[in-house]
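Next come two complexes, and both contain chain A; in the first it sits with chain B, in the second with chain C.
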Partner chain A sequence: MIEIKNVTKKYGKKIAVDNVSFTVEDGEIFAFIGHNGAGKTTLIKAIVGIHDFDEGEILIDGKSIKDEPVACKKLMAFVPDNPETYEQMKAIDYIDFICDMYEVDEETRKKNIKKYSKLFGMEDKLNDTIDSYSHGMKQKIVLISALAHDPKILIMDEPFVGLDPKAVFEIKEVLNEMVKEGKIIFYSTHILDVAEKLCSKVAIIKNGKLVKSGSMKQIKGDKSLENVFMELEDKE
Partner chain B sequence: MIRKEIKTYLKGFIIWTLIITLLYLGVAILYPHVITDDTMKSMDELMKVFSPEILKAFNMDMASMSSYYGWFKTEGFTFLLMIIGIYASILGSNILLVEESEKTIEYLGTLPMKRSKIITSKIIVSILFILLMILIISLTNYIALLSGGDFSHKEYLLLSITPVLIALPLYSINLFISTFMHKTKKTLGISLGLVFIFYIINILSDMTEKAKFLKYFTIYTLSDVRNVISKLRINPMMVLISIAITIAFIVGTYIRYNKKELV
Partner chain C sequence: MKKLYSLIKASMTSGMNVFKIRSKKEGKKSSSLLPTLIGLYLMFMLWGMANTMYEKVDPLNIEYILLALFAFSISIITIIEGIYKAGPLIFNCKDDQLLLSLPIERSTVLFIRIFKFYVFELIFNTIFLLPTMIAYIRWGENITWTYYLTSILMLFLLPIIPIIISCILAAIISSISSRFRFKNAAQIIISTLFLIGMLFVSYNIEDMFNYIAKHATSINDFITKVYYPAGVYSKLVTDFNAVDLIKFILINLAIFVLFIFVLSKFYFKINSRLKNVSTNKSTKIEKVKIATKTPTQSLIKKEFNIFFKTPVFIINAGFALVLFILLAVMICIRYDSMITLLTNPETGFNLPMEFVTNNKSLLIFTLIALTSFMTSITSSVISLEGRKINILKSLPVSTKEILMAKIYSSLLLTTPAMIIGDIILFIKFKTNILEILLLLAASIILPLASHLIGLIVNLKYPKLDAETSAEVVKQSVSSFVSVMIGMILVVTFVIVLVKLIKKVSAIILLVSFTGVFLLIDILLYIYLINKGVKDFNNLTV
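Now for the complex of A and B:
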């Protein structure tokens, strides 16, 4: 479970995330929505332990990300919006490096790398250096390395940007499979129709403040998620 | 993590080491052919033009340049100290900062390890490469010297150690400075500038008695070449100061980096 309790993050005087609270239970796909600069990435970076925050608490399966960062990070995998990888490395070496960090055993590593590289059509390209890849291929390598260590919680920031339709379809299948196993998927997106179809829960953030949070049915009612979002955006 | 760092920086290390080694081997091979009695005579004439202070500042009063070893002890060694200093400084200013500059820290920071582990892995690899570079250059030079005639083996051994005394403090100072920055763009200028400033201060401090106090403001004092050659010993105080500076700036790096807002 992810528990966000009264989290505030400031950059100097600017409040990027303002007293945000919500929880994500096991077995949920959670969509985190907001306009550019709303505070999505800032909060995601606080959850995954890259950025510190000024007030509040973030608990991952009951453990505080501030007090037990390594234990929390072991449960999570992060897919950033821009796949900034080690360009001069071969993809397979990069995935192996990530697996080493999570202490993944040889058998699981081989099985998962084979499974996900085949799924994303990257099987024959793992021995190429990452600098020869397109944006979408880099994103696939980051996804493979995130999934290869079988995380309990998958956190993604705009995961579908730059991916081909087949890869998007395959990811959705993988996410559904993970949720059935009781895992958590938390992702930020601007593609609202995908979020509407895929997610069981949603939170909408505006100017650093959480303006709506709850089950997808509860939030959208009879409207589409896009309509709900646009109405909130138009409100001053 | 250490394996990844070795792979990342191995290419640069090999290129630097190869170029420096080939340069010294080239000079070692060509030197006996270039330096004849006639050229030595003209060189001696040229040396008379310089004041003793200038010759002292460049250690050119310490040995005759009639042999490759003589050249190595004077000009060759000064060049070696500069180039090792530059390599150590560039490595120090880049190795941590590059993760932020290229935004790979966004992913590295989410992996289950403490920031201290990132710093430790990078420091281990850097020190390994710096020491290995000095060792390889010293060994190849030693082989070149063996085939070129007589020289003091003890003196050479001591001279081979002294670059370590300047390289490690320069590395740690640059590493510490890099924790105050977010991009690697300006670091090359800072690291090169630092080496040249320290080197110039060192020259100035050797030139006149009045400027002698400047030796307290340059890392190059720690190489203590003049004493190593004249007394055939490394001053333990220089070793202690070198270790103390290195440790102080490395500790500073840990403190700064663990608190730093990585962007």
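Now for the complex of A and C:
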């Protein structure tokens, strides 16, 4: 479970995330939406332990990310909005590097690397250096390395950007499969129709403040998620 | 013109904002006090050194020749430094996609990059040359407004020819390496061969200079023959002539424009060839090698990967280590001339003769100290992470483990080279077993201090938004501050050594110095795992 309790993050005088609270239960796909610069990436980076935050608490399965960062990070995998990797490494070395950090045993890593690289059509390209890849291929490598260590919680920032339609389809299948196993998927997106179909819960953030949070049904009612979002954006 | 101004402004404020120490973090003001103080201290030291040298030549009234020699030396350093700076600054830059898609001439893109390089070298030249120019005011004869005018113009003009020479050599290196499949490896090998070639030339330069001096009618002719701009400077200082000055300005500008024009003909061919990344043949997933390692082993492997695939990093870090081994070999082959080199004030070493001949273990220790603090690997390891720092920060490993992996990998790089140099010197000097053990310990303890200083300084002054690796390795505040702190430590050590050498036995000095550096290591380590860890956690990109 992810518990966000009254989290505030400031950049100097600017409040990027303002007293945000919500909970993501096991077995949920949670969409986190908001306009550009709303504070989505800032909160995501605070959850995965990249940024510190000024007030509040973030608990991962009951453990505080501030007090027990390593234990919390062991449960999570993070896919950033821009596929940042060590580009001069071979893809397989990069995936191996990430697996080493999570202390994944050889058997599990072989099984998972094989499974996900085949799924994303990368199985015969792992011996190339990442700098020879396109944006989408880099994104696939980041996804494979995130999935290779069987994370309990998968946190993604704009995961579908740059992926081809087949990869988007496959990743949606993988996410559904993970949710069935009781895992948590938390991701930010601007592709609202995908979020509407895929997610059980949603939170909308505007200028650092949480303006809506709850189950997808509850939030959108009879409207589309896009309509709800546009109405909130138009409100002052 | 407005377009060019906008491009230059964008280029200067993004990639090469040397005064932007770190990303504005939570509204706190950047701390630029330490680098500024170190820079001023360096300029003050150079001013003092220049005064001492002018004083020595004062009876001969040849201060103006010394001034020209300073200009000459800085230009030579600019060329050598520039060879491996120019490559990554001009070719294969991160902003290629943006600039090349804009509706501007390709030669304009090249001009902006060379101009950026010029501004860096202008700052570098000013730090070293300005103090000697100021000191000259006290010693030179008939200082009038023409001296000030000439010197100010020279500060701006002198870097032009050296950066053009560096760019030509860098273009040759890049052009050759772009033809190879493993471009980085080719670039490292060719650059290293260039540097070894230069070391060989400098070793034999005395004979070359003797030849030129014999055939020159005066020292002035000699300087003019060796390096035209330095000769013009000394001539303008003593006998100002507006026509000569204008001629010199026009020559420099013409060379600059011509160079941009000629290089722009080949530039994009070389650049696009460098961008061609080779791919391996398809490998079946079953045949891909998968190996498990501990987190620390894996982090060290990652550091090696960054090190060996960043040519400017490997050449910069490896230079002192290669020099140490070469020096050890040269001491074995040409012992007498090397002793002269180490004791001659003109070479810059200026070690006391008694110290060099009677205390060989201390001589080895001094060489270890010099090599250790010239080798600044860790001063750019945080900056080189760039935006990838977020990968490290999201991983389930402690910050201490991440930082220590950077220290271990640096030690693994320096220790073998240090031990090779040590062994050569042990054989030559027939060092006893106690000294061998102490010197081997020093070969780990001293580089460790250098690595810890570099990492701590880089955490204080990270540059995570650099456009090229050269900006981080060669032109960052972190590299400058680390090297300066190291040099201050070495100079302090040599001063203490010279003061104590006649009063205390060599072995006691060796034990004491090793102990002091060990204590420094412990203190730096404590600082790193407390304050350094906090600095790392506060990094934002």
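Please note the rule applied: the second predicted complex is superposed on the first by the 236 of 236 C-alpha atoms of A that agree within 3 Å, B and C clash if a C-alpha of one lies under 4 Å from a C-alpha of the other, contacts with A are read in each partner's own complex, and residues count from 1 in each chain.
Following the convention adopted for this analysis, a contact is a pair of C-beta atoms (placed from the backbone, for glycine too) under 8 Å apart; a residue touches a chain by one contact, two chains touch by 3 or more.
Everything numeric in this text was worked out from a predicted model, so none of it was measured.
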{"item": "Three-chain arrangement built on chain A, chain B and chain C clash or fit", "value": "clash"}
{"item": "Residue contacts with chain A in the superposition, chain B compared against chain C", "value": "C"}
{"item": "First (chain B), second (chain C), both or neither touched by A:Ile113", "value": "second"}
{"item": "Partner chain in contact with A:Tyr102 - chain B first, chain C second, else both or neither", "value": "both"}
{"item": "First (chain B), second (chain C), both or neither touched by A:Thr85", "value": "both"}
{"item": "Which of chain B and chain C A:Thr189 touches, first, second, both or neither", "value": "neither"}
{"item": "Touching partner for A:Asp52 - first (chain B), second (chain C), both, neither", "value": "both"}
{"item": "Touching partner for A:Asp93 - first (chain B), second (chain C), both, neither", "value": "both"}
{"item": "Touching partner for A:Ser213 - first (chain B), second (chain C), both, neither", "value": "neither"}
{"item": "Which of chain B and chain C A:Lys74 touches, first, second, both or neither", "value": "both"}
{"item": "Clashing chain C stretch [against chain B; choices 1-9, 55-63 or 397-405]", "value": "397-405"}
{"item": "Chain C-contacting residues of chain A that also contact chain B", "value": "45, 48-52, 69-71, 73-74, 76, 78, 80, 82, 84-86, 88-89, 93, 97-98, 100-102"}
{"item": "For the chain A and chain C complex, residues of the former touching the latter", "value": "10-13, 45, 48-52, 69-71, 73-74, 76, 78, 80, 82, 84-86, 88-89, 92-93, 96-106, 109-110, 113-114, 117-118, 123-129, 131-132"}
{"item": "For the chain C and chain A complex, residues of the former touching the latter", "value": "24, 26-28, 184, 277-280, 282-286, 288-295, 297-299, 301-302, 305-306, 309-310, 387-388, 390-391, 393-398, 537-538, 540"}
{"item": "Contact set on chain A toward chain B in their complex", "value": "45, 48-52, 69-71, 73-74, 76-78, 80, 82, 84-89, 93, 97-98, 100-102, 142"}
{"item": "In the complex with chain A, residue positions of chain B that touch it", "value": "1, 3-4, 7-8, 102-107, 109-114, 261-262"}
